[in-house]
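Next come two complexes built around subunit A: one with subunit B, the other with subunit C.
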Partner chain A sequence: MEISPDAWVLYEWQGLRLNATIVFTWGVMALLVLVSWIITARLSEGETVSRWQVMLEVVVTTIRDQIDEVGAADPARYLPFIGTLFLFIATANLLTILPGYQPPTGSLSTTAALAICVLIAVPLFSITRRGLGGYLKSYLQPSPFMLPFNLISELSRTIALAVRLYGNVMSGTVIVGILISVAPFFFPILMQLLGLLTGLIQAYIFAVLAMVYIASASRAQRKTDPAADTETPRTSREGD
Partner chain B sequence: MQIDWLTVAAQIVNFLVLIWLLQRFLYRPITNAMAQRETRIEERLSDAKSQRKDAEEEAEKLRKKREELEEAEQDMLEEARTEANELKQQLEQDVRDEVEQKRKNWQETLEDQRADFMQNMQRKAGHKVLDIAGRLMAEFTSGAIDDQVADGFVAKLTDLDPETCKKMTRAANNADSPALVESATKLDTAARQKITRTLHEEFETDIEVEYWEDEEMLLGVRLSIGEQTVEWSAARHLKRLNRELDTLLESAGPAKRKEATD
Partner chain C sequence: MDPATIIAAISIVTAGLTIAIGSIGPALAEGRAASRALQAVAQQPDASDTITRTLFVSLAMIESTAIYCFVVSMILLFANPFVDATALGGGG
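And now, the complex of A and B:
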């Protein structure tokens, strides 16, 4: 039994292997883009709004509200990144109800890629806000002795992010696989339902954690701003 | 745990592409649409607010105007009411005065008429009585009474007070027309002679005497020399009686009439 869809190679050409992870990722991407495109092609700015547009607006607004709740100053800045993380992971996980589908998030390569994206995005957002010097200085906070610990923390949370998502999704798939071989009639369905739930929760956790990291990186800057002293993050979630 | 770094790289690219695609097809259009809708709604709201403000101002203005008008109307009504009241009172007073005047006039007229009527009645009654007396006298004394009348007249002439006698004498001497003796009935010759003689004796004159009849005298004789007259007749008595009656009636008239004449 395959644990990771990475091993499921669909096409190979001159050493480049096109595995199921990439293919399903493309599928998920295509689905997301198509749905968005179809709906937003007929956007209405007036009073009468189609229910599909309302659905998209609700999704976008909810993500924006969540970003805002974490404490980021400008939700619109982070919306594409955080929103895409959530939508991609959620879609990838929810599609597990389709037979024959292997969630790309069940592959450590995918989750590692996403975690690396977060790892890069955190300093990027921070640098664009406070400049390179300000960002680098944050590693020396509260004292220069903390530099190695700060670095370790940065790395470890990235790895944790990747492994958490991978482990949850993969375990769901594996559990279903095992249950199918043990009790193939009733339990796999329950586990599948549970998998849908955990998949959605994982997407939420991943996106919110990414946002928390980004926000905490820019929060150090806000602490230097006396006007924003009272502003503290309303949520600070860690772990699963 | 197996990581295919090629897949990782591909997934990173995929993810970045997905971000770009979703930004292009999802976030931007949706946020733009929402922002525009919000802007439009805000515009509309502010429009509505300003229109509402305008309307409220207009309403306030109209309300004030209406209040002023109502006040003015009230004032005018009050004024008109007062004027009407005054006019009404005046008219009522006028009418009352007029009615009072008319009533008074009418009463006066009534009193007058009543008094006149009473007086007439009394006068007529008195006159009738006197008339009857005269007629009775005339009827019962025709002819036979002439002598007595003549005697009476002669007696009266002789008893004239000296003043009148003088006046008569002077008038007789200066007269260029004959003396006139009038009587109710035709005096017989003897009586005439008696009277003529007495006349001549008393007034020391030889004036011519003419004898006329005047039925109105009823009984008695009247002597006229020039402008002087001596009369002894029932008519004269009656006249005097009538005059006295009138005076009596006048004085006995109603008090109101007296006031009115005052």
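And now, the complex of A and C:
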């Protein structure tokens, strides 16, 4: 049984292999870029607004509200990164309703790449906000003895992020594959419905966790800032 | 029995044990989390948005333990590194 779209080679040319993961990733990227390009090409501020523009506005404002509720100071800074993560994973997971499509998030390569993006984005956002010294100091935060544990948690949460998304999507594919051979018609459809729900929730969780990591890395400065003492942190969820 | 058969048998048994034992903890924990969240929603229906969001995130984080076990058992069943090792380089 195929447990990964990596093994499904669609096209091979002189040793260059194009497997299903890459092709479907390109497909999802092209779909997202095309749809958003077509919609934003004719935005209007007048009284008549096309329904596609309304849909896009709802998506963008919802993501911004969610980022705001997680506790970031200004959502506009994080909106492009977090929003792209969410939209890409959600689209990749939801397109499983198309026959012949294999979600690229069911491959460990894709999810590892996404998790590495988060791993790099956390110090980037933190350094631009607090400076290099402030970021490096956060590794010694409770006491210098915590340095190795901080480093380990940085790595382990990246692995957890990758394996969680991969495991969820891959398990959906595998369960449908097993059920097709056991009880062909009805039950695979139910499990695919469940897979749609799981895929959307996992996309949401990936984006929220990325936002929580970024926010917790760039938040510590606000404690030393006397002006911000009145502002209570809304959430205190940290890494797992 | 030749080594490949022993490795296959042990892998199958271990994969079953992995998913069986590994799903007990997350199952209990998810039940507790969901019941607590339902209590909280019943007491404070106004905060149900926040509670639901936090519940989903925490359920996913609890569930990830079971997912790790599932990934390990899938590796044991379908991508077992030891089977290839015995197939290539003879025994043991």
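Keep in mind that, in the parts below, the second predicted complex is superposed on the first by the 226 of 240 C-alpha atoms of A that agree within 3 Å, B and C clash if a C-alpha of one lies under 4 Å from a C-alpha of the other, contacts with A are read in each partner's own complex, and residues count from 1 in each chain.
In this text, a residue touches a chain if its C-beta (ideal position, glycine included) is under 8 Å from a C-beta of that chain, and two chains touch if they have at least 3 such contacts.
Remember, it's a predicted structure, so these values are computed and weren't measured experimentally.
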Answer with clash or fit: subunit B and subunit C placed together on subunit A by superposition. fit
What is the angle, as a multiple of 10 degrees, that the CA centres of subunit B and subunit C span when seen from the CA centre of subunit A? 130
Which superposed partner A:Thr84 touches (first subunit B, second subunit C, both, neither): first
For A:Ala160 in the superposed arrangement: first (subunit B), second (subunit C), both or neither? second
What is the contact status of A:Ser171 with respect to subunit B (first) and subunit C (second): first, second, both, or neither? second
Just to be sure I read the superposition right, which of the two partners does A:Ser44 touch: subunit B = first, subunit C = second, or both, or neither? first
Please work out whether A:Val208 is in contact with subunit B alone, subunit C alone, both, or neither, and reply first, second, both or neither. second
Partner with the higher number of touched subunit A residues, subunit C or subunit B: B
What is the minimum C-alpha distance, in Å, between subunit B and subunit C after the two complexes are superposed on chain A? 6
Overlap of the subunit B and subunit C interfaces on subunit A comprises residues 163
So in the complex, the part of subunit C that touches subunit A is made up of which residues? 50, 53-54, 56-57, 60-61, 63-64, 67-68, 70-71, 74, 78-79
Of all residues in subunit B, those that touch subunit A in their complex: 1-12, 14-19, 21-23, 25-27, 29-31, 33-34, 36-37, 40
Residues of subunit A touching subunit B in the complex: 4, 6-7, 16-17, 19, 21-22, 25-26, 29, 32-33, 36-37, 40, 43-47, 53, 56-57, 60-61, 76, 79-81, 83-84, 87-88, 104, 107-110, 112-114, 116-117, 163
Per the touch rule above, subunit A residues touching subunit C in the complex are 1, 3, 69, 160, 163-164, 166-168, 170-171, 174, 201-202, 204-205, 208-209, 235, 237, 240
